[in-house]
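In the two complexes that follow, subunit A is the common piece, with subunit B as its partner first and subunit C second.
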Partner chain A sequence: MTASCNSSTVYSAKDFKSEVKPVWCPGCGDYAVLSSITKAFADLGLKPHETSVVSGIGCSSRIPAYTNTYGFHSIHGRALAVGQGLKLARPDLTVLVAGGDGDGFSIGGNHFLHACRRNVDLTYIVMDNRVYGMTKGQPSPTTESDWDASAMAPPGGTGMTPFHPLAIALAAGANFVARGFSGDPNGTAQIIAEAIKYPGFSFVAIMSPCITFREEQREWKEMVRPAVVEATTDSAQAARRLMTDDGFNIGVLYRGNRQSYGKEAKVTSTAAALEAEFAL
Partner chain B sequence: MSKAPDFGAVKTSAELLSIARAMELNSVERYRELAEAFEISCNPDTAEAFRELAEDEARQAADFPVPAAGLAQVVPWFEEDPEIADPGAVHYLMHPWHALDLGLRHQERSLALFAALAEQSPFAEVKAEALRLVERERGHVAEITAKRDRLPEPPDDWEDDLDPPNWEAGD
Partner chain C sequence: MTTSSGSGSVSIALCGSGGAGVMTAANMFVDAAAEAGFYALFGRSSGPQIRGGEAAALLRLAAKPITSVDDTFDIMLAVDWLGVQRFAAELPLSKSTLIICDPAAGEVPEVYVKTGARIVHLPMKDLAKAIPGGRPNMIALGAVAALVGFPVQPLTEVLGKSLKKKRADAYEASVAAVKKGAEFAASLGDTKKLPAPSPNPGKRLAIAGNAATGLGAIRGGVKFCAAYPITPATEVLEYLSSALPKVGGVFVQAEDELASVNMCIGGSYGGAPSITATAGPGLALMIEGLGLSVASETPVVVVDVQRVGPSTGIATKCEQSDLNIAVYGLHGDAPHLVVAPNSIGDCLFTTQWGVHLAEVLQSPCIVLSDQALGQSRAIIDAPPELNLPGGRLTATTPAEGETFKRYANTESGVSPMPIPGVEGCQYTADGLEHTETGTPSSQSSDHNMQLDKRQRKLTNYDYADHWATIEGEGDIAVITWGSCTGAAREAIDRARADGVKARLISLRLVYPTRPQHMGDALKGVKKILVVEQSHLGQFTRYLRGEYDLPVKPEQLSRPGPLPMRPGEIHARLLSMGK
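Take a look at the complex of A and B:
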């Protein structure tokens, strides 16, 4: 964080961007996601010193450097572990965890499942481009089974069924499930703002094209559409929708009503109570 | 993803000017971002073209009065301003000509927006202001077309990378 913060200042989206210039490829969808995140922070009236962005490893995981908040560029696949720890230690902070599909669903797959179950009050954003871009084009868990356009992919593709992050998040207990698209930055900002406000573990999968290794993803702009149904609070209905969904419906798809983990105990904890908890 | 236009949604000329100014300022930001991205991608000529576009947009934004608080800053029926760059429309090997061509397309979209408002707004003052903006945008379109046409057109194989990031087996 570089700017000084105080409680009466109103911060704009620009204030939430740092002076560090992104090293993403020109045209990468992650630029727009960064703009959506900073816009959501500003729209919610958040303050940089009350906000934290935590990431893992990968192109999209560079995002804490580009935001003017507290940040932690953590370990591959472990962003959620760090983010949950931070939120439990500092429940007053708005914690946003961000990363990519490889980081979140492969290396961090186990953390993802249990973070959904644990339901700590934070927002997890995955910029999903269905490829490991930083390491030059290997298939990720969300890559189509027959994709072999990269020399880094096996001929004929991996033959493995792509991971379905939203259905898995729902099944594992996430309290808020949504899908955004980087080509719709204002709509994505609204979704992120809603996810941050919503109690519990909010999961937002954002389709963010990798224009270098997955050039065909430029076509996503023509394929996405707003979800035609309202978000449901019924997990069974949400599951049916997600399993019949073609992956291009964007919007909030599920709002649950589970109690956030640790909320009732932490918010009222005093320093003395915390000390007592750790006393030998 | 844009909604159907509701030409009655812009009700006053002050609101229209506020939106037009915000469009210019958003373009400044996006072109600067692209200039930085191209600098980092070792394409300094295209970076410079985007930087010049940002400077042009900043000058254009300065023509507008600072709007009163609370006035709309986005076109009510667009998900995004018509004048800001679609990130999917750029390529790391693009030439300065492409940058200006992209800028030209954005100016043309703005021109089309103001022309539609001038024709279809139900409010006389919005129609009149939109007509003035149409004239202004025509000037910008002519200016950027001339700038683009002074540049050499890229060769047909401009996208070919002899050391591509996504090499194919056998390369």
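Take a look at the complex of A and C:
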């Protein structure tokens, strides 16, 4: 992190990467997502010092330190709270919140719902591998109900219905909903760039395989396909598509037209004037 | 002979069922008394209902500033008796109390009769009925004011301000009712009178502690607040939600306390001094976030308006029982700031100071207010304008080839904290232990360095004489904090009149501790009395654990919901002074 570059500098994807070596396992999908994010930043002509990446806890949540932006690696489940606070205090910054399925949909589930509703102008990326990797492979909210290859899962799986992130985001009011796949880094970079540009709360679920605890996810690359339909602005239509979706259609699903949360504060008073309101 | 309670002041309780209008009458009395140059303290008590239901307005008026409730009430007026027994424990009466009630309201409840108080009848309903549009609460207002020697004129002026323009008929009826009540008062006998008001009171404010806290935040430069409603802190948020946007700040209602504190940490990371306010249960939820604030050195202020705990406890009543969680609740070795206002006016300064300290020291700061301070309204001398110079140590773009170190191991322990947007200073704030540049590290050397740094910046800082309020001299020291301070001060004053000298030490900086300063403040002391509102004696334990006290302290501690009153402290001081 050395000084250089004046304001007219054009930054490449490499400029958005730090020198910190990721803790991820070889072959982890998150490497490609990191590249997609930095490519999207560069493609949009953003500046590292005016960009912020915020996360919680988990394998994928280590991502801020691997970027050369203003990062915040916060606590488990609270990335969206930190990210929204930052964006509301600093609307001039580009804020990208990133993390995993456990962080975002289990411990952080309530914040996810309300972030969709609140519709602050930021982008939320979830690298979904349907497992808790950092703690050695427990079922997550998006894990298939019959998956039981885990020391903590009961035989036959949890029996719990997997969480449907896109449907929930749509129902809760997210303004932009898309699905990406780490094995398609260029396509994912394009989706992320569009999500960042799009006003309001943009949610991008990225299938990012955990080859250590979910080796079968190596097959995802054979299963995904670009969605055959264009994105819709009709939430009812988007919902119908999600109800018949097998989870492997890639692309932008929904673009809404809700007003972003918050408005520019206009200074109309001072501390002294406010105090005078209490004076006798 | 001992000094009588409450000399120079009058304490009045106005009670009635929902819709009886006792709060309206009490507010008008306070406003009129303020205009006339008096000081006032106005608390309220109500049943479990949020709105409506029985309520008691608890007033104390004097010609000099008031920081405590009195031992007993001089007047208790009941518009009716519906549910009013509920307040018996909160309404200490004596033989010199005058109970005023409406004969139409039925028998005076036994719990009040047995106090031996003098009971007189004021037919509020009948007198009001004789005036078209007249209401019993205005009859009550007129009678009580006249009884304590307060003139009718300022009351009618206040009525004029609130009613004249909008509802001329209501104004006429209210004025007539107040006058009728005042006339009737002559037949109710004599009672304690208000002293003459201060002829030239200085600049005064009419304010409640929670609003003062909000104002203190604004004074401290707060620009961001995310919060979740909770009794008894909600008024801080109500104030900030309207005031913050006026000074260019942002207020957001979060989905829970976890979001509140973490949104504040995000806002603060972005450069906006940030605050949230809550009560004990909310503080418990925020504690993990405060650990992040410590580790990432991101300033944040959390106001805890303490109420009776644990759990939901008694949400509308005061207790000083969140001391332990505030001081010791964080996981890991996590030095941080805990400050406590000790009067309604001090809510303003201490919150401002708390924001200042959090910013300067890049630390979480818990402001431990309490329900008695927060939800009481008072007429007070305006706290002096205090300029607290300095703020967050920021950073500028480093020279070519130089590496920016966000967590540089500086002598003061405070490291440069860039505001996002500054080129070349990008770093990742982290709850993970880290190196000086912020890169995650599990090395013992890095952990030790950062632990030392985070502790050093707090212990080596010069908190000046703000660390405590210290008053008077004597062999006895009363050590207290928060809303108990007012009662302790009044008790010390009374004891002095009885020839027992005691000094007051009220801690404003609870954490980190100031051993040197405390040692100086206790020089020559032979006895110590600790006064606090906690069943466990949390403050006493804290003092004995953290400070090397010269003598084993005596302890006057009991839980809420009843407020600490000067009389019980006074009695203890007299026995200690023997």
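Couple of notes before you dig in:
One rule holds in what follows: the second predicted complex is superposed on the first by the 256 of 280 C-alpha atoms of A that agree within 3 Å, B and C clash if a C-alpha of one lies under 4 Å from a C-alpha of the other, contacts with A are read in each partner's own complex, and residues count from 1 in each chain.
What we mean here is this: a contact is a pair of C-beta atoms (placed from the backbone, for glycine too) under 8 Å apart; a residue touches a chain by one contact, two chains touch by 3 or more.
Since the model is a prediction, treat every value here as computed from it, not as a measurement.
Judged by the touch definition given at the top, the superposed model places A:Leu86 against subunit C, while subunit B stays out of reach. In the superposition on chain A, contact of A:Cys28 is made with subunit B only, not with subunit C. In the superposed model, A:Pro185 makes contact with subunit B only, not with subunit C. When both complexes are overlaid on chain A, the residue A:Ala271 reaches subunit C alone and has no touch with subunit B. Contacts of A:Arg218 after superposition: subunit B is touched, whereas subunit C is not reached. Once the two structures are overlaid, the count of subunit A residues touched is higher for C than for its counterpart among subunit B and subunit C. Contacts of A:Phe72 after superposition on the shared chain: subunit C is touched, whereas subunit B is not.
Look at A:Pro226: by the touch rule set out above, it reaches subunit B but stays clear of subunit C.
Look at A:Glu50: by the touch rule set out above, it reaches subunit C but stays clear of subunit B. When the shared chain is aligned, no partner comes close enough to touch A:Arg255: not subunit B, not subunit C.
Partner subunit A is touched in their complex by these residues of subunit C: 34-35, 203-207, 211, 215, 218-219, 223-224, 226, 243-250, 252, 254-256, 258-260, 262-272, 274, 288-289, 291-292, 296, 379, 382, 397-404, 418, 420-432, 437-440. Partner subunit A is touched in their complex by these residues of subunit B: 1, 29, 33-34, 36-41, 43, 74, 79-80, 86-92, 94, 165-169, 171.
The touching residues of subunit A, when paired with subunit B in their complex, are 14, 21-29, 31-32, 136-137, 149-151, 155, 182-187, 209, 211-213, 218, 221, 224-226.
Of all the residues in subunit A, the ones that touch subunit C in their complex are 1-5, 20, 47-50, 52, 54, 57, 62, 64-65, 68-75, 77-78, 80-90, 92-93, 110-111, 113-114, 262, 265-271, 274-275, 278-280.
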